[in-house]
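Okay, so chain A shows up in both of these, paired with chain B first and chain C after.
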Partner chain A sequence: MTIQINLPDDQSMATVQEHFADEDNVRQTLTAMREAEPTIAFSRLWRFASGEVTHDADLLTALRHDSKLAADVNALLQKISWSHLPQAAAASTDEDLRLRETDLCAIRIESSRAEPDQVYVIIELKDAEANAPRTLITSAAGGTLERLELPAAQGGVIQVLLQHDDAVLIALRDHGTEVFLR
Partner chain B sequence: MEIVEATRHVLEAGKSSELTALLATVADATAMDGEPRFATKISRDLARAVVCRKYSRGVLQLCHLVNAVDACGTGKDRWERFFFGLDKVRGTSIRAWLNEAVNQNDWRRPGFEISVDGLHMTYSDGDFVLGFGRMSFLTALLETVIGMVGYEPVDKIFAQMTKHATDQDEVKDAANALNRLIYDWLRDHLPGTHAAEKFEAIVAYLKTSSDSGSVQVSDENILQFWLQQNNGHADAISDFRTYRSAVGSFVDFLRAIETGSTQSMVSYARPLGTDRDAGEIDPMVLEGDDPAGAWQTPLALLDSPPADAIKFLNKREREGLDFLMDCGPLAIDLPLSIMRSEVFGSVQARITQALRRKAGNNVVQDLLGCADAEPYAERTLRFHDYEQHLLRVQKAVLHVLTREDPGPDTDQDPDLPEDADTTNVVPLFAGKTLPDGAREQSLAAFKDLNRRGFSEDDLEDPNIREGFSIGAGALVLARDHLADYLVVLARLQSDDDDLEQVFSTDLQVFQSLFTVMYGEKE
Partner chain C sequence: MSLVRVFIPTTEGPVAIERITREPAAQSAICVKRTTRVLPISAAYDAFVRAPSGVIEREFGPWDVSGPRGAFRLDVSGPITDGESWQLGVFIAHALAAENRLAGPDDEVAEALWITGALDSDLGVGAVGHVAEKLHASADLIDQHIKEGTALRFFVPDTNLKSMTAREDIESTAVTSAKDIQRHLNLLDEADAPASVIPAPPIPANAAPEPQSGNGLRTLFTVLGISILVAGAGAFIYFDQQPIKTVPPIVVKEKSAPEPVKAAQVKPAPKAAPKVVVAKPVTAKVKPAPAHVPTLKVYELRAAAGSSCAAIQFSDAKPVKRALGPVSGDQLADSNVAGLCGLEFEVAVGPEDRFVSAAVNLTRGRFVRNRLPETLKGNLATKGNLRWRAHVPKRLKRPVRYNISVSISKTPISGLAAQTQTLTARHRILP
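On to the complex of A and B.
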């Protein structure tokens, strides 16, 4: 069977060629999409940042390898958090950080006198009547994210006891880490 | 001995660009239950809008939608909660979300109203209306745009817009700012295409066999074209490496000839507005739909809500019919090109996959010999099986459309997307009587189909019933097209060179070229 066609004049041919290019681009893209390896959609990032999903190992791995994704999650957390504690000043990076402070709260790190392997993380709210945050998220410069569910505040103070090698504690002590309270 | 250098080209071709990875990410995004977040058709429409740079109308609509959800949401992340808090993004879930938000919070700013069909926005300089069905696409578009340019710049644009958006100029400014970001990103990320070279190669080839402006396209000259493009150069870089891509390009060429001369120039992303002298484009006249009468695969309707909630076709059936349905009436004029694509195109795909995963030499050699190529007669039988399946599904659909108890919500407003193609919609005609034999057959067909959507419990859902109503038209179109194609195959079978003979000849042709393209070199 044969299809007989009359080729259009040069002017119309230019339009035909543009249509062909569109169809060709779509066909190539749809074909390439079948072979492409999907990454992390922003909706998945939002679910994690908003607390709708609390465990997503693939996402946490991807954050360590994808600086753009890490920047997105930091910007999103900054917007939706109750308080954002940015990276600490560079001048004091030679020693572990023991105090972080914003106009809403202060985070202090204190060793336990009773248990040498344990450390207190104390969050003091400057307005004791304020709605207290429920989650602490640390975002290290390398993209590593840690999450800690917080107990209820007592008189404007939230106190958590962590092992000295707890990942959240290590991140909190690092000057390059940003902290988000939600 | 080693696999030829051509392997390198296969590997190159298999690499995903950042754009295709991003589009695949959005297409692959899942809801909490693991089902796709977006309907398949949305992902295809999104890919078309982005790679053809026909996104500016969508971007403008997106900005209006952001403005509206900002006006009825709560918290710091008002627009994010809408776009990313929605689990399965469908017109029905969007409508439910908006209604609930307005019921709980009312509008924080005046000028917005939810109607039966969508959102009505009143600005100081005019109205803007947006249907629920369109919002699924806009959600996917936003997810893609953030994947391109990052969250922060998008959030800044929206924050600026929602502070002052009392007239449409503010919204257009935001849309223009977003368009500029997308345009710049695409400038660096749209994969290089050889569309112009491909087009010229096809035209030049067709002209060689014609002295006048009249040229012919046939199964044989498509095959010869593909052979010519690839033969004799094991490591030649051809724009038509796969046979299927060559056939696809001819289909695209014929369609472009058919529609191109009657349509105006393609629009590119430019500032939105009505000042043509300033190079602005009026968003309401952009990106028209396909020309009237242009073929659209009926499977696209089955991929769209609400029909996509019903498993009319399983994966194998879907894949087996996809190319035939995509080619539409051209398949009737180019039957062997379709058959060759199905059979030898699949072999070629397996070869490239084997090379990509570095399969053993013996595996590749078996594939090059086309040992597992499905003979045309067997492939024809498979098409017959699909036709019979479509018939069974049609009978089952008839049961749904004529059942006596359609459920309590028959009078409920159908959740039809506002941009759905309603030409194929079969209205529910519950209570219409069928002859006893037909009723029994349709009931039996319904009960036999143990698939999603085909249970009496599923039919309690008005969306499922609406899905059957819409799917019915697509199934009729698909089966008619398949039946036409089978008639042509039957005619070929009765020729002197029947399908077995053609297959035998083709087998040698493809074996030979695959060996040149992918085989060992001394």
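On to the complex of A and C.
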């Protein structure tokens, strides 16, 4: 028995090649989607913003690469925070920020005289009787979030002593950083 | 100027106070080994410092500081966990620091002090716990001082003196007031130093005995009740009215120098003692009765079997009470809201009339009822034990956090003007 195959003409061959190319594109796209980072669900953002989860490395990485996600987190933090201190007005961005203030509190940064590489972060509540915040979160312009658990307030003042190269302190001193107290 | 090192004994070992610095901070803090590690007792230290209730600013302040507020940073060689036994040593360290005489970790010292005791607002010294354990934990320090021949003195509340008998090679000085030690260190002005009190200098315990005179008498002192000038580095002048065995040589301050009646012998000031110092009690006055130390207690109130919280809250049924103990500084052990009907606060004012002002500051959550008695508002004199209750919600979604501050004064408390003694406690009720 003889099998006879008729080869397509040039036009038909071009059509077939396009078809196979389309199939390959679909396959590659599906494979890329399967291997891609999973999207961050809102519930995960909520758990982090509310303090239910204090450390989420994947989320923190994603925030640095996804400005929209970072904006979502900032919006969420702003909704649930005790106080939100937005980016500071930049009279002179060359100087480190030493004071941030809202109608609820002021955050003061003072260098230690005893140990010059140590710095006091002092949060003074305008209403000493108010329920004091327990956590300070900084959100840098680049999407980096830092979290600092705060000690109990005494007489309306919360004080923390940090090394000058502490990530939270660096963020606090940056004019472009938003600060959330919750 | 002689430098002095101060040790605060703890059950984990002695802790040296290495440095006191005025800082542009809002709250005074105790840090370990010059790091950013702030000890939990810092809140109590801040209260101990801050005027008007704190004794440090009252006794040694005010200070000029740049900035709106100032506070102290106290660096220590190791952790001090809780209690009040650090207060006397910290007070003396501040007194030394005010005269630039507090020794740092690398300084050569004239003597070292081992001090334990609580301090009230009148600078009276109160008893502390675990003194025998603290002494035991200081064995290496004592041995080191014996080996190096440096003087080490022991100051304890008079009621704790018996606990120091475990070691026969030391002798301790009982103190009833911080001024006893200040006098010993010549840190008091003349107006504060009664003539009957003789500051006791370090005695090298194994130093050669004083030479006997030919007739058996030692060199004479004529004790006039005031100090005698010793030239240069502070030599000792001896008189022979009393045997040296019972009267230690006198260290005198240059500024208080009258003419010596009879200077029989002048010798250089003793240097480092090769053996642990034996110090005699320094006060000659009659010992006063121990002062009452006000206390603040917090009790959990729970329903007894067959009863209920409603019966306790509305029908005066008797609850089961459980006292909450401190876990760190003034932080009390957490309570669980399950079965908790309320809390009872008790202030033991003491047998004498005092003005008491109390405040319960809720930092998170709320109580159902928390009404302070009129006697706790600072304008009515009262005594004995004062109690009040707060009811707590049956269920909680989040912890309730609060702190209590109780001020006690001999005068009515209005604003911050009164000289007060302050008691504090912090507590959480968990869901």
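Throughout what follows, the second predicted complex is superposed on the first by the 145 of 182 C-alpha atoms of A that agree within 3 Å, B and C clash if a C-alpha of one lies under 4 Å from a C-alpha of the other, contacts with A are read in each partner's own complex, and residues count from 1 in each chain.
Definition applied: contacts are C-beta pairs under 8 Å (C-beta built on N, C-alpha and C of every residue); 3 or more make two chains touch, one makes a residue touch a chain.
Owing to the predicted nature of the structure, the values given are computational and were not obtained by experimental measurement.
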Looking at A:Q28, would you say it contacts chain B, chain C, both, or neither? Reply first, second, both or neither. first
Quick check for you: in the superposed arrangement, does A:L150 touch first (chain B), second (chain C), both or neither? neither
Who does A:S112 touch here: chain B (first), chain C (second), both, or neither? second
By residue count, which of the two partners contacts chain A more extensively, chain B or chain C? B
Which superposed partner A:L104 touches (first chain B, second chain C, both, neither): neither
Which part of chain A faces chain B closely enough to touch in the complex? 1-8, 12, 15-33, 35-44, 46-47, 50, 52, 68, 71-72, 75-76, 79-80
Of all residues in chain A, those that touch chain C in their complex: 108, 110-115, 118, 120, 122, 124, 129, 131-132, 134, 151-154, 157, 159, 161-163
In their shared complex, chain A is touched by residues of chain C numbered 19, 21-27, 29, 31, 34, 36, 38, 43, 46, 67, 73, 75, 361-364, 401, 403, 426
Can you list the residues on chain B that touch chain A in the complex? 14, 16-17, 19-29, 37, 44, 47-48, 51-52, 75-77, 80-81, 83-85, 143, 146-147, 150-152, 155, 191, 193, 195-196, 198-199, 203, 206-207, 213-219, 245, 248-249, 252-257, 259-261, 263-266, 330, 333-335, 488
